[in-house]
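In structure tokens below, several structures.
After this come two complexes, each holding chain A, first together with chain B and then together with chain C.
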Partner chain A sequence: MKPAPFGYERPRDLNSALSMLAAAGGSAKVIAGGQSLGPMLNLRLVQPELVVDISGLAELKQAELRDGELVLGALVTHADIEDGRTADVTRGAMRGVAANIAYRAVRNRGTIGGSLSHADPAADWISALAALGARVALRSLAGARVMAIEAFVVGALESALHAGEIVEAVHVPPRPVSAHWGYAKSCRKTGEFAHAIGAVLVDPARASARVVIGAIDTVPIVLTDAAELFGGRVAADYKQRFDARVADALLAKAGISDAAERHIHVSVLKRAVHEAAA
Partner chain B sequence: MNTIALNVNRRALEALAEPRTSLADFVRDKLDLTGTHLGCEHGVCGACTVLLDGVPARSCITYAAACEGADITTIEGLDEDEVTVELRAAFTREHALQCGYCTPGMLVSARDLVLRLPDADERRIRVGLSGNLCRCTGYVGIVRAVQSVIEARRARNIAPQADGGRTSLGPVGSGRAALGSNEQPPRPARQEFAPASDGVAPGVIPDFIPATVLEQRFTLPHAPAKVFAMFDDIAGIAACLPGVSLTAPPSPERVEGAIRVRLGPIAAAFEGAARVERDPATLSGRIIGIGTDRRSHSATQGEIRYRLVPLDGGAATTVELSIGYTLTGMLAQIGRPGLVRDLARRLVAEFAGNLDRHMSGASPRETTPAELSFWSIVSGVVRARIARFFGRGDEPG
Partner chain C sequence: MRNEREFPSSKSGQGVGARLPRKEDDRLMRGRGQFVADIRLAGLQDVAFVRSPLAHARIRGIHVPERYRGSVFTAADLVGINPIRAVSALPGFKISEQPVLATGKVRQVGELVAMCVAPTRAEAEDIAASVTLDLEELPAVYDMLKAREPGSALVHEHWGDNVFLETNFEVDISAALDAPIKVTREISTARQCMSPLEGRGVVATFDRRLDQLTLHSAAQMPHITRSGLAECLGMEEGLIRVISPDVGGGFGHKGILLPEEVCLSWLTMRCGHPVRWTEDRREHLVASSNCREHHYRITLYADRDGTLRGIECEATVDSGAYSSYPFSACLEAAQVASILPGPYKMPAYRCRTFSVATNKCPILPYRGVARTGVCFALELMLDLVAVEAGLEPGEVRLRNLVQPEQMPFDNITKKHFDSGDYPQAMRRALTSIDIDAIRARQRKGESDGRRIGVGISIYCEQAAHGTSVYAGWGIPMVPGHEQASARLTPDGGLELRVGVHSHGQGMETTLAQVAHEMLGIDVAKIRIILGDTAMTPYSTGTWGSRSMVMAGGAVATACRELGERARRIGAKLLQHDPVSVVLQNGEVRGVNGSVSLQTIAHTWYRRPQDLPADVDPGGLEVTQGYKPVRDSGTFSYAAHAAVVAVDPDVGEVEILDYVIVEDGGVLVNPMVVDGQIYGGLAQGIGTALYEEMPFDASGQPLATTLADYLLPGATEVPSARLDHMETPSPYTQFGVKGIGEGGAIAPPAAIANAVNDALRPLGVELMQSPITPHRVVTAVLAARTAERSAA
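Moving on, here comes the complex of A and B:
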């Protein structure tokens, strides 16, 4: 339960960090809060030659409103969001998600950028932020790029990050006053990884809905226009119109062959829809 | 070894430690502060919880080197702490401990709840303590103790502090180190494992019963006889398998090689050998392999059974694969079968695409840096059991 030996560097700024990663050519791992990588290092599932600790980089600890969006630096922790130390353009949605991630001692160090980079299908942010329509900003020595969260996660523990590239920030659009939010997850034990996640952002006034079915062991199902789940149109009565059969069919199509498992996912999604409509 | 300078229980001190030394091992082994207990060592049990810059953190998955300049308070530093004094009395009164192993971490988490929770709501206290496991008490006494301290303090008009007093952003304990250089780090000297070509390939490859079996299938726009002939071309098949390389010229019955697989940051390279069996009458076959990953000290046995079924009147073929494996060693700690299924799905898709291109006369696509490898000898590997560790939950969200 002790990690294999590794080299350790604490770069002074983001550019030095990117240079170190580029020079290491794939044999280095970035560590921020270490709440996912730490366990994997201790279990020796991961044995990097070099660990680049970015947790001290002030550039990544910013949180600001920019062009109406909230831009959260990669090192903002779950507890920072939970406690409201960052602005919240989602009218409580992100605070609620953050407050239920793992345990407080983990939230005090675990970061939003680290969680996204780890791309664990069962983690909260990849589902919640996809439902909120957030984007992720990546940076390498070659430059910067921005992509939708749903494009960033490409498989279980697989993200679109290239070697030498890191998550720099998350861009969160404001949640309209007319948009309802619901988020539900199922964990056998509080704080454990979720076995099912449902996230919905429904705006009856604009007849739009974004829905995410997450924690399905692979890329979450993201419906940017989820009218099909509500009988073809999104209106004020969406709670009544929610069609569990459509959700079940989506899960079957995503390769979930176990009917009991699909039932759990559909039930959790339904809970999220009800919460949004409440 | 690096010199690490930090403040422990209000004393500034320095000690030598390796980068891999956890904060828990640092305070226990270097400073003799053995009140911090280690249970699971992967962030689940909460026994190692300490205060880092005044708020709780897991000292088993926080490396001492990452805490340079930080303020650490262990249970020994809470002797005179006002809240902890009240909690100690309440724990005694409510019989909130038996063996005491979880108690230091429990007190640190309980103190945080006393400071932050607005009132003594039992549900919120239980949720707040869910990251600290106690195997003796059943939690009833612990919850009562925490409730009583919160009630008493609120009755004395001591207001809660929802953010625990923290004002800055970022991981607790970070950001007060003297910043390092921007020069390229020297390549860490690390023990290189000898190439495994000598004596690694086992002579006899036994049959076995796989611990896990996955079924996969794909179709190819080629006649079954042509596909079956292709499956006889071991070198050709190996070239279509992402991450697979041969270490010796294959014979029709035996192949020696290596497979690299990667699941996120988990990487393994298994070297070994496989036995090949074919049955032309049923257009089916079996490949049984055995391999070891030296770096993780893990071993795997894998079996691929394939059967070719004519499709579209024999113009195309459905390839039915049954992939079975058993994994032992370090990597067997992985326990999230679903994640491995996702990996296997991606690998099989890539294998099928390569096979089709190969049979159509094109060369297999360059494997992505992801080194996806299908050979579930391997992929199975990873798939096997991430659960034990993943299954619990100090996820970062």
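Moving on, here comes the complex of A and C:
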């Protein structure tokens, strides 16, 4: 279980990294914490010609408040968030998610940008950040672009990243005081990838709800206006109004044919709704 | 409960019964152990294998790029190497021949096809990746029940079917058929991988001076490995030395002779330099060996009061493609027939078993061997009898268990139970888990929507099977007398040589405790030498919970003889008649004084001029053999009780409480035994809730990394509450019994019974391990549908 031969570069600044990626023309892989790419290299599931190690790029380790948003550099680790070393605009929501990603050893090295780039449907950030309404900033030599998380993840292990482009930062909007947060997942055992994730951001005061059903075989189901899950309107009694049949139909539409699998997803989503309402 | 027996030297706190910290932990806990992968030899090169990507295929060609010829070897190169053959003498057994590199066909995913050697493993893997195979895919035999049907594809064509062995055992089943309670079910346990922390590993080298092949291997049974190697290589055993250094867990996985061991032995002799292969986790999961896959069609017959009238069973075991050396492909299934009735009384019994060949890797006896499956099947069925009879599950057990006054007891399959009080273990478990409080809690219900259940199970663990048991199997290995060598060193220390091995069992400590018990020498001055065929007496090695009974008995016997020789020398030094001196606390004592073993040793080796001419010339080094008074095995046992909370909508199972009441006879080191039980429990929880190697219809194993093959971790294993009983075996030295496997036997049954107890009011019944969230929810939804259609 050793990787196929590859070249290795560890650039010192973002522009050098982007130049290397551009020159490699799609045959390069970016490594940061290496918590997903490392095993994939060893299993020879990926055999890049070049691995560009961006862990030395100081500019991607920044976390700051900008225009009311939290901007987290791609190299911020899960443990940075868990331990509160970064500012928090989500009133604890992100800390709670971070603290339950895999194991501490993974959280020490794993990065938020790496997790998003890997686009594993069972990972936490793609679901949690979609529910929080976060956006992702991408950069290549050609320039920068910003897109919603739900637009960024386009398939299982498939993101909108172009060749030569990397995740630069994540922009997280503040969670309003009136917004309730619920995040639930079911894992076979502590630290394993989830087989069901429910993430909800419900703001009864503004009659709005964002809901994500994650850890399905494909892209998470993201409802930016989830009123349909609550009988057509989001109000203080949303917990009572949660309609499991609507969630079940969404999962069926997403191609999940196994009834037990759908039932588990719906039940985990219900847990998240109850947590939000608690 | 502490062991209250008084042995002569127990006051020292080091003898039999002492909770002595493990001597080997100083090395192991500091990361200073030496495992196969730590061995560095000059000129060492690494090996990677080209393995079959298909479960069943004809080999049409193996294409090696020109530049790698000379670094790649196939079956065509291995002239004169014999296939691995593990035959059983049981009538009707069909023989498989496992070529060490595939010839003609491949019969499992991961089967070795070619061997690639390079300065590093990564380079060897690069070479392996460059080799292309031309394979003609054949239909895979992946389902053991379908494999038994006529018309199935055949793993070994010349057999005409896929059955290694069929056995039948019956005692008067017709007498049970009119019983008022009759419960029939299908029950199954998943295929598993044993998953020791350290995988297999081999370093082979050839010593020109000694004209000897030296094979370093992570192995449980080095002497058996040597015998198997000699047969495959066509070499004299004396030309082969097998060294098994520190070993990170065995569990049965390291009892098998590997084709890799044969390949690397050949390779080092061919290449003239040392070679190494280290099993990686994917090889372990996919290619090496599996365990546990059982299927039962089983009927229990009982009277209205829960008294068992009989059991009828048809058991099928998926043995994989080849018969593994030395245990054979039939040990597991055939054992089912003999051990299914366990500690229960019954007048009638019938069991048919099938050992079935499939296109999967060979099955090996895993900690508990067939007992885990058997306990799962029988204990789940006893709960159903309890439901039918309207009794508490504990009541049904107590009604049918062998009673202490019946000991020694021969059960319906003629298993000879040496001693024990099974009902007491069950009662203590029920009291400890507080069954009444749980029933009250169940009536109240849970505020979080989960459901609480309690489950129990009990088993017996036959250990240290001897000649009389294994001769009947007629497999390549039959244990006889176990031997140990004991040598006093000139400075009064003790060296012990044993042919068993220690891979987590703590034998460097416990065997030293046994020797201390006999000789009174400080355990710090006792060294245990094991894991090397050149340094130790022949032994079948460590398997079947035999080492403390057999090697412990041999060490005691050797030490007794050594003590006797020292005593006679001591008498000379004291100028006493030998009949008037005794050996006590490391000294030979007479009425006028005493002389220490240290002085006796010093005199014997360094100052023989101080000894009279008529001293016994035998010296202070002895080898002695040992067998228990009866060799039909010791019977340890335990009652397990589990409380679980089940979420019927998400399918999660949480273990809230776990109790084990255990009787392993006299415990040499109760702390080591506790460790054995905790470790076994973790593996039992794996069987119950997590571990499963699924296959698709083309015979592809689907859990190829530990992300898919789930093992319980620290957070999944509860702090079990242990309670020890102590019924000494009447047949063994000190009354010890084998104890190594029990922890892994009962948990799947106790946990499944608890889950079923929790979900029974919903009409749910789970009869398959592991109990995964998906299986729970599928069963819950099916029960709801059934209820709706009934309403």
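The definition used in the following text is that the second predicted complex is superposed on the first by the 278 of 278 C-alpha atoms of A that agree within 3 Å, B and C clash if a C-alpha of one lies under 4 Å from a C-alpha of the other, contacts with A are read in each partner's own complex, and residues count from 1 in each chain.
Basically, contacts are C-beta pairs under 8 Å (C-beta built on N, C-alpha and C of every residue); 3 or more make two chains touch, one makes a residue touch a chain.
Remember, predicted model here, so these are calculated numbers, not experimental data.
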Practice problem: Quick one: classify A:Ala260 as touching chain B (first), chain C (second), both or neither. | Solution: second
Quiz item: Is A:Ile149 in contact with chain B, with chain C, with both, or with neither (first, second, both, neither)?
Solution: neither
Exercise. Go through the superposed model and pick first if A:Val170 touches only chain B, second if only chain C, both, or neither.
Key: neither
Quiz item: Touch check for A:Thr111: first (chain B), second (chain C), both, or neither?
Solution: first
Quiz item: Is A:Arg44 contacted by the first partner chain B, the second partner chain C, both or neither?
Solution: both
Quiz prompt | Which of chain B and chain C A:Met1 touches, first, second, both or neither | solution = both
Exercise. Would you sort A:Ala226 into first (chain B), second (chain C), both or neither based on which partner it touches?
Key: neither
Quiz item: More residues of chain A are touched by which chain, chain B or chain C?
Solution: B
Quiz item: Can A:Glu192 be said to touch chain B (first), chain C (second), both, or neither?
Solution: both
Quiz item: What residues on chain A does chain C touch that chain B touches too?
Solution: 1-5, 39, 43-44, 189-193
Self-check item: chain A residues touching chain B - in the complex, by the definition given at the top
Solution: 1-13, 15-16, 19-20, 23, 26, 29, 31-51, 53, 55-56, 58, 60-63, 73, 75-80, 83-86, 97-98, 101-112, 114-115, 118-125, 155-158, 163, 187, 189-193, 216-218, 255
Self-check item: Touch list for chain A against partner chain C, complex
Solution: 1-5, 39, 43-44, 186, 188-193, 195-196, 258-261, 263-264, 267-268, 270-271
Self-check item: Residue numbers on chain C that touch chain A, as the complex places them
Solution: 120-122, 125-126, 129, 280-282, 647, 649-652, 690, 705, 707, 710, 712-713, 715-716, 772-774, 777-778, 781
Quiz item: chain A touches which residues of chain B in the complex?
Solution: 2, 18-20, 22, 25, 41-43, 46, 49, 52, 55-58, 60-63, 65-66, 68, 109, 112, 126-128, 130-132, 162-164, 166-177, 179-182, 184-188, 190, 263-267, 295-296, 330-331, 333-334, 336, 338-343, 345-346, 369-370, 386, 389-397
